[in-house]
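One chain, chain A, links the two complexes that follow: it is found with chain B in the first and with chain C in the second.
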Partner chain A sequence: MKEELFVSGRNIPNIDPVLHVWHWHIPLYLFLGGLAAGLIFFATYFYISGKTDKYPTAVKIAPVIAPFAIAIGLVALILDLKHTLYFWRLFTAFRLESPMSWGAWTLGVIMPLSMVWPLIYIKDMIKYFESSSKRTTAVLKWIDGLLNDVNILKWVMDLARKYQMAIAWALFLLSIILGVYTGILLSAFNARPLWNTSILGPLFLVSGLSTGAAAVMWMSRHHFEMKAFSRFDLMLVGIEVFLIIHMFMGFNASTQAQQQAVALFWGGEFTAVFWGIFFTAGLVVPAILEIMELFGYKVPAFIPAFLILLGGLIFRFIIVDAGQITRYLY
Partner chain B sequence: MRYAMAMDTAKCVGCSDCVVACQTENNVPIGFCRDWIVENVEGTYPQLEMEIRSERCNHCENTPCVRTCPTGASHVIEGGIVKVTHNECIGCGACIEACPYDARYFHPDGYVDKCTFCDHRVAEGLDTACVSVCPTYSLTFGDLDDPQSPISILLRERKWKTLVPEAGTKPQVYFLI
Partner chain C sequence: MKEDRSNKYMNPYLAGFLIGLMMIAAYYFSGEGLGGSGAFKKVAIATVNTVAPGYAHEAAYFAPSVENGKSPLNSWLVFEVIGVIMGALLSAAYFGRLSMKVGKSPKITNRTRLIAALAGGILWGVGSQLGRGCTSGLIMSGMAVNALSGYIGLAAVFGGGYLFAYFFRKLWI
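Right, the complex of A and B next:
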């Protein structure tokens, strides 16, 4: 039995012949959101558990990346909108059933809080950058001056210091919501079989935490902390591999639409990039390097860290692009 | 009130009159369409079987597009018609991703556009544009809550199917077979 399908009278851009509504903006944002979630998660977790001195880079320095990552992600998100000037409509409604609405509001709250957190530690940051970058140090000193001189900023920072534990708890919970949200955004789409699996939530959360751990590992200058985060990252990569195996098991045992969707990774057009670049270069190789580190070999931290970050970015591009190709069969 | 459409695949000849009527009635920009023709040919030559369908938004009862809309621009009006408020739509594309039928598209002006079941005509007691022009009378529009409406009678008397019922959307465009 041979089947042919002709569709006449329709050739709509971005929909025919395959859906391609979301371009580079969404995967980039999902990556940056996950990275920010990971950085904030570790910073607040170790602050809350009173281990600031043990993991100083994670708590005081690395979170400075988070507001920048979120800001770039937000710009990408807004650029992705086709009715750009109406973006504020996101904040005139809260829709319980829409993951995107949840995401918009989460970002709206986490963005200012994630700016306050690194400002609390601005003096530590000046010390961190003093030896490496004169320009960054100058900018940080200028900001520090502003925080002391402008009354309202001083008032905000005093308030933030006073209620730092409350801010830490809020950021901790929000970072988990943000990390899960990057996956839930996709898994809520029943119409795209590849996305329609609830494991995408935990998978994106773990992947985001792993990229966060990699960034801390890269930035840290303390041997103990670097080793610890190498170990955290190794553990997260292990969980990620476990979740990926479960995702494929679920797909292979599911309906024909999902079996056909996952065929993209078993001999289809995403096989090479998924297994070659993401799985091997972005998960297995850094994991091996981290295991070598564990056994006392000297591995420069930036190599596994860079691979993990690259893998995380490519993973999101693969899932967003491949998911849009998949569809129900009729 | 539950508006629905029946589409007789045995009568349709695929002339695309419904497509053009819709484009004219609703001022659909050139290069886009809210309804379209699918010719589905199955079999091995010369044993072929063809089904022609005039497809559009299914005005589902369980609407993934409305559920996923972050601003509430996508909504359901009286009679179960799914609509988009243009100046509430931010053009995020979530509803396009959510539709298993690919029935929505970006209007060149930025917002998402789709079939409205010609609610402006229906409000005046008229048929939708596509139904009113169909030369083979293969399209029937009506109220499912009225057991004596032509569409209710058709769906009682004929065999029918809906598209991808397994997507759980409870589509309200019925294809008579």
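Right, the complex of A and C next:
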């Protein structure tokens, strides 16, 4: 694209009238970022409140997914850039008013810390994977050996153990920023009416926490913890539904541009996929299964967990795809 | 603990009647009947369209579904099958049957059963496309509108089933 040749702001390929620049990378990243935020949030929250023994999977095991999720998400983000090799320029400045700057710096700090956290619990992880996967156990044992043999790594891990509470607080706060930022990234984009609502921040945070809780529920082998996370998840799904209803109410009470944007979900082309797949299969059905479990029905934890995770992923694809085709009228 | 309901099933005549009502509702609201294989066809087309869009637009089998530029997955049958899966999950959870297992004869291994299921599924997929529909799409939806093809399909599918059941009985008994 030769931007310098444009003579009109009304005819820009891929941007006007319909934005067509964000493909699978961004929603995938938003999902993985939210999932990592949720996992780190629960791990650090229960560590800080001294409930490690009550929720061992949440604190010690599940956070191992977070650095992988962030790493895959970052690869997706970098692939999305037009000038891939210039990604480092985001780290040459910090702009308080730019959500992208907040995101880049948050990711820059949370990534190494989220790698250190599971390494503190590597012995517990070896125990967890011993019965299920020989290959994973072997890799973990090899890493454990490295942590003991290589001096600098040993020094880092000793430092991390000594200041674990400080790391926990840092990760706790950063996880909330990461979760909110995945929504703010879109809502700060004021040229697209569907995204330009401040509810997206809390909505993406809650959805990220819900996917994190689902992942813990899936991995946990302790009946008490599994049930507890099923309850957390149920509560988060309730909040999510509340926020979604209010998002739509806000749009419907707003300008014509917003009303047209939301019409995509009320009879428009995203109606079936939003209400049928995300809302019903990704929120309502897992919520019903979780309620049934609370009432003593036998429901394997991975089924509602899988549906919640899938719903979270589809939700981000819908919001990114639908948001790009909404526009102000002229 | 709940009472054990894992062996309780609905009266099949009542279930059949309810499916009939569903069929009327499906025709009324979507203009199409019920179907099972159609959703898999759409998924296959969407996959081909993603991997090789040029081929999908040229091949006679794929082209009609991708010509208008919209996703082939945006179809009633895909949503219907997702609904079937969700309904099955809820119903199985309610009756205490929600678990992961391979249903088979105790005399064969899971591996044999899964290979046989895959092979049968492939044949069924090809057959359903040659016959323009499967048990639900061709026979049930067809007979619901009194189409001759539905009755012929019924005779062929169940007749074929009786003929071949003898050779594959070991997979089940």
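Just so it is clear, the second predicted complex is superposed on the first by the 315 of 330 C-alpha atoms of A that agree within 3 Å, B and C clash if a C-alpha of one lies under 4 Å from a C-alpha of the other, contacts with A are read in each partner's own complex, and residues count from 1 in each chain.
The rule is short, and it goes like this: contacts are C-beta pairs under 8 Å (C-beta built on N, C-alpha and C of every residue); 3 or more make two chains touch, one makes a residue touch a chain.
Computed from a predicted model, the values in this text were never measured in an experiment.
Looking at the shared chain after the overlay, A:Gly276 reaches chain C, while chain B stays out of its contact range. In the superposition on chain A, contact of A:Leu173 is made with neither chain B nor chain C. By the touch criterion defined above, A:Arg192 lies against chain B but remains apart from chain C after alignment on the C-alpha atoms of chain A.
Of the two partner chains, neither chain B nor chain C is touched by A:Val150. Which of chain B and chain C touches more residues of chain A: that partner is B. Contacts of A:Gln324 after superposition on the shared chain: chain B is touched, whereas chain C is not.
Taken in their complex, chain A has these residues touching chain B: 1-16, 19, 21-22, 80-84, 86-87, 89-90, 92-93, 95, 97-101, 104, 188-192, 255, 257, 324, 327-328, 330. Listed in rising order, the residues of chain A touching chain C in the complex are 269, 272-273, 276-277, 280-281, 285, 288-289, 292, 296-300, 303. Residue ranges of chain B in contact with chain A, taken from their complex: 14, 16, 19, 31-33, 36-44, 64, 67-73, 87-94, 96-100, 102, 105-106, 109-112, 163-164, 166-168.
Contacts from chain C toward chain A in the complex involve residues 1-2, 74, 79, 82-83, 85-86, 89-90, 93-94, 96, 98-100.
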